[in-house]
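Chain naming follows the written order as A, B, C, D, E and F, and within any one chain the residues start at number 1.
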Amino acid sequence: MYFHKQELQFKSTPDKPDAVYARKLQEVLGGQYGEISVAMQYAFQGWNMHLPGKYRDLVFGIGAEEFGHVEMLATMIAQLLEKAPLGITEDAVQDDPTVAAVVGGMDVQHAIVAGAGARPVDSNGNPWQGSFITASGNLYADFIANANAEMQGRVQVARLYHMTDDAGVRDLLAFLLARDTMHQNQWLRAVEELKADGLESLPVPSNFPQKKEHTEVSYQYLNFSDGQQAKDGGWASGPSVDGKGEHSYHEGPTTSAPMPPPTRPDARYYGTTDLPNTVEKIAGTVQDKLHRE
Amino acid sequence: MYFHKQELQFKSTPDKPDAVYARKLQEVLGGQYGEISVAMQYAFQGWNMHLPGKYRDLVFGIGAEEFGHVEMLATMIAQLLEKAPLGITEDAVQDDPTVAAVVGGMDVQHAIVAGAGARPVDSNGNPWQGSFITASGNLYADFIANANAEMQGRVQVARLYHMTDDAGVRDLLAFLLARDTMHQNQWLRAVEELKADGLESLPVPSNFPQKKEHTEVSYQYLNFSDGQQAKDGGWASGPSVDGKGEHSYHEGPTTSAPMPPPTRPDARYYGTTDLPNTVEKIAGTVQDKLHRE
Amino acid sequence: MYFHKQELQFKSTPDKPDAVYARKLQEVLGGQYGEISVAMQYAFQGWNMHLPGKYRDLVFGIGAEEFGHVEMLATMIAQLLEKAPLGITEDAVQDDPTVAAVVGGMDVQHAIVAGAGARPVDSNGNPWQGSFITASGNLYADFIANANAEMQGRVQVARLYHMTDDAGVRDLLAFLLARDTMHQNQWLRAVEELKADGLESLPVPSNFPQKKEHTEVSYQYLNFSDGQQAKDGGWASGPSVDGKGEHSYHEGPTTSAPMPPPTRPDARYYGTTDLPNTVEKIAGTVQDKLHRE
Amino acid sequence: MYFHKQELQFKSTPDKPDAVYARKLQEVLGGQYGEISVAMQYAFQGWNMHLPGKYRDLVFGIGAEEFGHVEMLATMIAQLLEKAPLGITEDAVQDDPTVAAVVGGMDVQHAIVAGAGARPVDSNGNPWQGSFITASGNLYADFIANANAEMQGRVQVARLYHMTDDAGVRDLLAFLLARDTMHQNQWLRAVEELKADGLESLPVPSNFPQKKEHTEVSYQYLNFSDGQQAKDGGWASGPSVDGKGEHSYHEGPTTSAPMPPPTRPDARYYGTTDLPNTVEKIAGTVQDKLHRE
Amino acid sequence: MYFHKQELQFKSTPDKPDAVYARKLQEVLGGQYGEISVAMQYAFQGWNMHLPGKYRDLVFGIGAEEFGHVEMLATMIAQLLEKAPLGITEDAVQDDPTVAAVVGGMDVQHAIVAGAGARPVDSNGNPWQGSFITASGNLYADFIANANAEMQGRVQVARLYHMTDDAGVRDLLAFLLARDTMHQNQWLRAVEELKADGLESLPVPSNFPQKKEHTEVSYQYLNFSDGQQAKDGGWASGPSVDGKGEHSYHEGPTTSAPMPPPTRPDARYYGTTDLPNTVEKIAGTVQDKLHRE
Amino acid sequence: MYFHKQELQFKSTPDKPDAVYARKLQEVLGGQYGEISVAMQYAFQGWNMHLPGKYRDLVFGIGAEEFGHVEMLATMIAQLLEKAPLGITEDAVQDDPTVAAVVGGMDVQHAIVAGAGARPVDSNGNPWQGSFITASGNLYADFIANANAEMQGRVQVARLYHMTDDAGVRDLLAFLLARDTMHQNQWLRAVEELKADGLESLPVPSNFPQKKEHTEVSYQYLNFSDGQQAKDGGWASGPSVDGKGEHSYHEGPTTSAPMPPPTRPDARYYGTTDLPNTVEKIAGTVQDKLHRE
């Protein structure tokens, strides 16, 4: 269960309102890699986890922190919107292009739908959606997904840092950047411990008997483009990261098979076929079948 | 540019049709971590990349391979659907519960919309969407995203392996499992080389001046749940993975701030406020403003 | 069945084109609470209704009116777009920041996709979708949903009223505001009559035998945040609105249960577990099972 | 900020696994009116609220409770999935139609994507999305939206109650039904107090000067269908619920306007027009303009 | 404006309920090419049209008919659902696999969300969405879009015809098939008249000065796959359909250009670049810029 | 399988960056009728096709070309974004309204998410989705869908041509316009050959026995609006395009049926009904049933 406290983890107040920036900040609230995504991702990973102990405590432990980050951003956005103009009536474009630019650059649903409030959407107004999150039950895969989310998130926050010179906003972003630093380190450490604890290793999932896969292509680099320099990478020769193979480099595929012949489903699907006199014959078939019905 | 060859990288023919399994296989064709996702993800990473050379050749080199995987799965699905029943008319539920189960378990749009053909959707019929992919321009973050995609993908293929005993289908899955093994190794190696080449390091993005973040919380584990065992992890004490900090463990936040007061946007947003005699006063304000207009 | 008449219910012509406002007006055409939503909502409620008579006549009677409102807004939007600029070529940003602001603020799909026409989308260009509507078959719940839709709609129209000073547009909005007034009253009256007619009452659905629910918590206010003032509300003490209970106030939950232990699904799902020597053991299990296959 | 406690508000354990029911239960977890929706809706209403005090404490107070409901349902679903079959391989349809039916009726993504875990989707596998929630800043409208959500939710839980005879599941549903009873009462009481506190009244938004709307149609029932019985409702005669008008009944519209003439946007939008010799003339116009460029 | 009449265009009553078929029928109600799509498509084409007269009367004339088709299908679906089972409680899978198959094959939201009613979704439960429709303002393009919609729709109805032997359902489908026949003919005739009236011709849009396009490739068939038989088609040699060119056949592209060098956006976007000593240099740049701020 | 070559089919470099135009160009990359749509549409048509030979070679032959068009547009967009401003910090709105307009008009996710790179979205930032494509297995219907896609696409490119005066961009658009000309001709020719080859004819699907449809309404124009001029079209009198009927004109429907009575599903769906003393009776029924359980 969750308990709410009417405090924030860090001060979240802008020096001045900025409706255009409010829209941009929505990306790290409700975007693919926003705070709603990590909060929900860690929560579902906890609920679906198949073992108790430090890993489950970990996802629960920081999952609730992330819901607090959602709150900090939503609170900030609402304040950035506090002086959001209603539009061109009294603040006419022709009189003041600055206002016009604000109206052009802000999220109009902030005004029309939310009455100058935050929304569960990204910076283009696309609603947050459940398909943004990952919780497969395999912790190696999921912790790598988490590391990715914290990296993409920190990249976005770093970009947003340069899109404002508001000291209050930057203060909050500096806090979020630090927490993303922590969380990147944390998930990569958790992957290392999964390996050290003998729970998972590469390739993921490590329990699938690798001899069942077509091992002859398990470490081949197959080049399907015409650039030659991929040959220089450690993926094209030398030992593999999982320590189980040796890479080799190949221009194009090392295996091939003819494309199977076209399928011929039931005539009553009304797909086009090339049987001679198709129309008559298929119609006959159909009518035969229809007759039976 | 892309060139198509009417061959497959590997034999992709089932021993017998299985319309229910066709639906399941859609997940790794058109799902969040299906082959369309990785094909498109690597393509966009190539087009957006800011440097030539081995990394760009790498994403182009395997991006085209993945489009070929899309084709192998689509071809397989079409064949699995070749005997898809039309429904209950002649294959009545009451006569044959097996057929009933097939009808219940298959993707009905395979029949009604595609005429026994593959579709760009996941195993629940949700359309593939552009928000499944990641291409940020930051290669460390993106290659971790790629490693995650190949891990989630291999986990799903491994599960699908046990959902059929069709030797032809398993043959194809064994091939895809092997390629996922390759690609997991490859992206993790690429991350190592990015570090070795001095291009990126942790925390990502590594070029953001870390002193600008609130470093006092950059390596703190803050426990927002009541499980105690997260304290035992390498994320709660000892050196951080990025080599730049030392972890510490804390129950709850180490910082806090009061929640800012509620916002008071323009009265013409018609949000509810608690000013005394609100209705009259705000109405007055509104009318004043309206009067001016 | 439906019949169309090439007339509008009210004059719907702007004094002058305004492509930015056209975008904003899309919200009440194709947004979550736009006219398409109420038109479709009332139609589906009619088709799904389980009783003839005044309630069904009511939803059919105003459902068709709402399709006419869709038309009035689409017509208005097309006219607002009549002089939509194509872009920066001849109307260069550097020469005229007003035009630049228009280009920045308008819906670019209005121009590129619809050729200066209306679209079934909201003010951020998100397509209208079927999940915006509600038609459960339970009329009390659905009429409250309808009242909500008319309230949210009227709030949005009121905001839009202040975002333009075009007398023609305001004239149309003044008409829509009046109809929303009617419809708010109407749905709340319909709820009252459902109660008076003995068809439904609180709590909804009223036919579910209330003794089957855990009645000890049916009227408890449980405070999961740390604000104290919710205690002052009529939901924290005194008789309940449904007349069937007496409210009480509690800090946090009055019941609790331990979280159940983690689940242990089939090993072939390849989730991570903490069995000692997991990799070997599970691999053994898997291979046993694979052996059998 | 939010804190997590590894306890549930109520026991959430099924008597036995049931993968088909797990799918159905997703509706009240991740559907339009599921627990994610109300948890997020109340949270955003709190963050966007323009006044402190009992109403803000209220939305925060029960918002956190709803996140706990999400957790209870996710936990239940994971347990219902604990014995989810992988599919037809060993549990062949022809041998056991019961298993076949389970495979047909369960959410295949529960197995393939989540490894027998819960997901943020509805019972058809549609991802939860931000557009399911409402937080307009106008509390009357939003509390009615909340009442609707609790009504739709309780209707759905009541239906789900009859779709299982598992005592453990029913125990949880009985608890949720009781909380929905509380929350329906609570939101309707909150509406009454908003009125009593002089903050909002009908029609919503109450601060918009009603004389600005076209009051002649503010209380007219306009019948756009041919059913006659809507005339018998309290919306067709007598005083209105808001106490500000008197209803009247009319067959069809009481106002009408001719449809405005078709629009004629810039020729370079390449829409079709009926000017004589259009092709030549427009081409001429276009070329004139092109010439200028 | 629209008027509703409580009659159907054709009898729409099944001989017996069939909840599985109800789900299938949703495809032609709320799918990509369902009746909502054509109803909305023709309506938006009418509202966006730039000329009065026979074409506008045409889209309005049949647009309203299509809303009536939506109603016929929704009515049919509600009746097919009239005996929809609630689930496995009393109709246990183990006792009656037929019921199990029904539960597995039906749309569970029909039961849980709509209480045995129709919904604005397709046969997989994906909500209808605005992006299913087309209304560009160019009538040639749009009428071809309409012809396509009527063709896809008739193909789907024909398939559905064979998925039931219910005479009542087939009676309705036979009616819809006939109307689709009419509408296919109608839109193709309308295209012919657009040409005859001198309003539009090939290539669409016909008013764009064709000399502005790179006419050397306007009629070349470029083969990007390795199949040879496309050479035999009328698109590879001989006069073009638009009468303005002569086709020629080419293996692969007839033009090519080197891929431009990678882009180098602002360092503060934190994309990865290959400048020597990148980290230090870019960090320097960033700090320079930060210093200025 | 697919092979990539690091060349473009045509030069794709702008004369100068233009972040606002980059956003507009996304429409023809990732919109409903963008290049991703046609590339995927032709690919799926190939994989689902039921006959070998010229038609399959055709869809494969140009399908790969379209993936190359995706690449050309993505490359162009990345270059247009090369100087994308980060925002208002140093390029303050008040100092330079031109920059403000750029910030307002560009896709902010281009900056925040993609780091000045292209994305698989349309010009409003809506992700590309699988439901944009059509591949039914019926080639007549699908080739008409293809013709439509090429027409809508060419209309959009023509509009975009006028939204820039950048010679480099226009050069690329001139190339795409020419290819769209080719592809329009090609698909319409393919339809003619399908007819000539006796594979498909009108009405589509041609194999469905037309006598099974309600032929009395197969060629009737039914006018559901009040415009009279549709009577003048070739769809209202004279022979039909398919050569199988004679059109006639009718005001309104020529058939009608009473609306069936409301449905009465199981009481445990908790829909509202009008049985006398409903609450008591249904509650009784429910309790009876509950008792049995």
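Going forward, a contact is a pair of C-beta atoms (placed from the backbone, for glycine too) under 8 Å apart; a residue touches a chain by one contact, two chains touch by 3 or more.
Every value quoted in this text rests on a predicted model; they were computed, and no experiment measured them.
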Chains in contact with chain A and with chain C: which ones? B, D, E, F
Expressed in ° and rounded to a multiple of 5, what is the rotation angle of the C-alpha superposition of chain D on chain E? 120
Write down the chain pair in A-D, A-C or D-F that repeats the interface of C-F; the criterion is over half of the contact pairs matching by residue number. A-C
Using Cα averages as centroids, what's the distance between chain C and chain E in whole Å? 24
Set of chain F residues in contact with two or more other chains: 1-9, 32, 48, 53, 55-56, 60-61, 63-65, 68, 75, 78, 86, 89-90, 97, 100-101, 103-105, 111, 113, 115-117, 121, 124-127, 129, 131-132, 136-138, 140, 155-156, 158-159, 162, 165, 205, 208, 212, 224-225, 227, 253, 256, 263-265, 268-271, 289, 293
Note: in the complex, chain E contacts chain A through residues 155, 158-159, 162, 165, 268-270, 289, 293
Please give the residue numbers of chain A that touch chain D in the complex, ascending. 1-9, 30, 40, 43-44, 47-48, 60-61, 63-65, 67-68, 70-71, 74-75, 78, 113-121, 127-131, 133, 135-138
Complex interface listing, chain D residues touching chain B: 1-6, 48-53, 55-56, 86-90, 93-94, 97, 100-101, 103-105, 107-109, 111-113, 115, 121, 124-127, 136-140, 194, 198-201, 205-209, 212
Chain D - residues contacting chain E, complex: 18, 20-21, 23-24, 27, 31-32, 97-98, 100-105, 122-126, 155-156, 159-160, 162-165, 224-227, 252-253, 256, 261-265, 267, 269-274, 277-279, 282-283, 286-287, 290
So in the complex, which bits of chain A are touching chain B? 6-13, 32, 53-58, 60-65, 68, 75, 78-79, 81-84, 86, 89-90, 111, 115-117, 126, 129, 131-132, 134, 136, 138, 140-141, 144-145, 147-148, 151-152, 154-156, 158, 161, 174-175, 177-182, 184-186, 188-190, 192-193, 202-205, 208, 210, 212-225, 227-235, 240-242, 245, 247, 253, 255-260, 263-266, 268-271, 289, 292-293
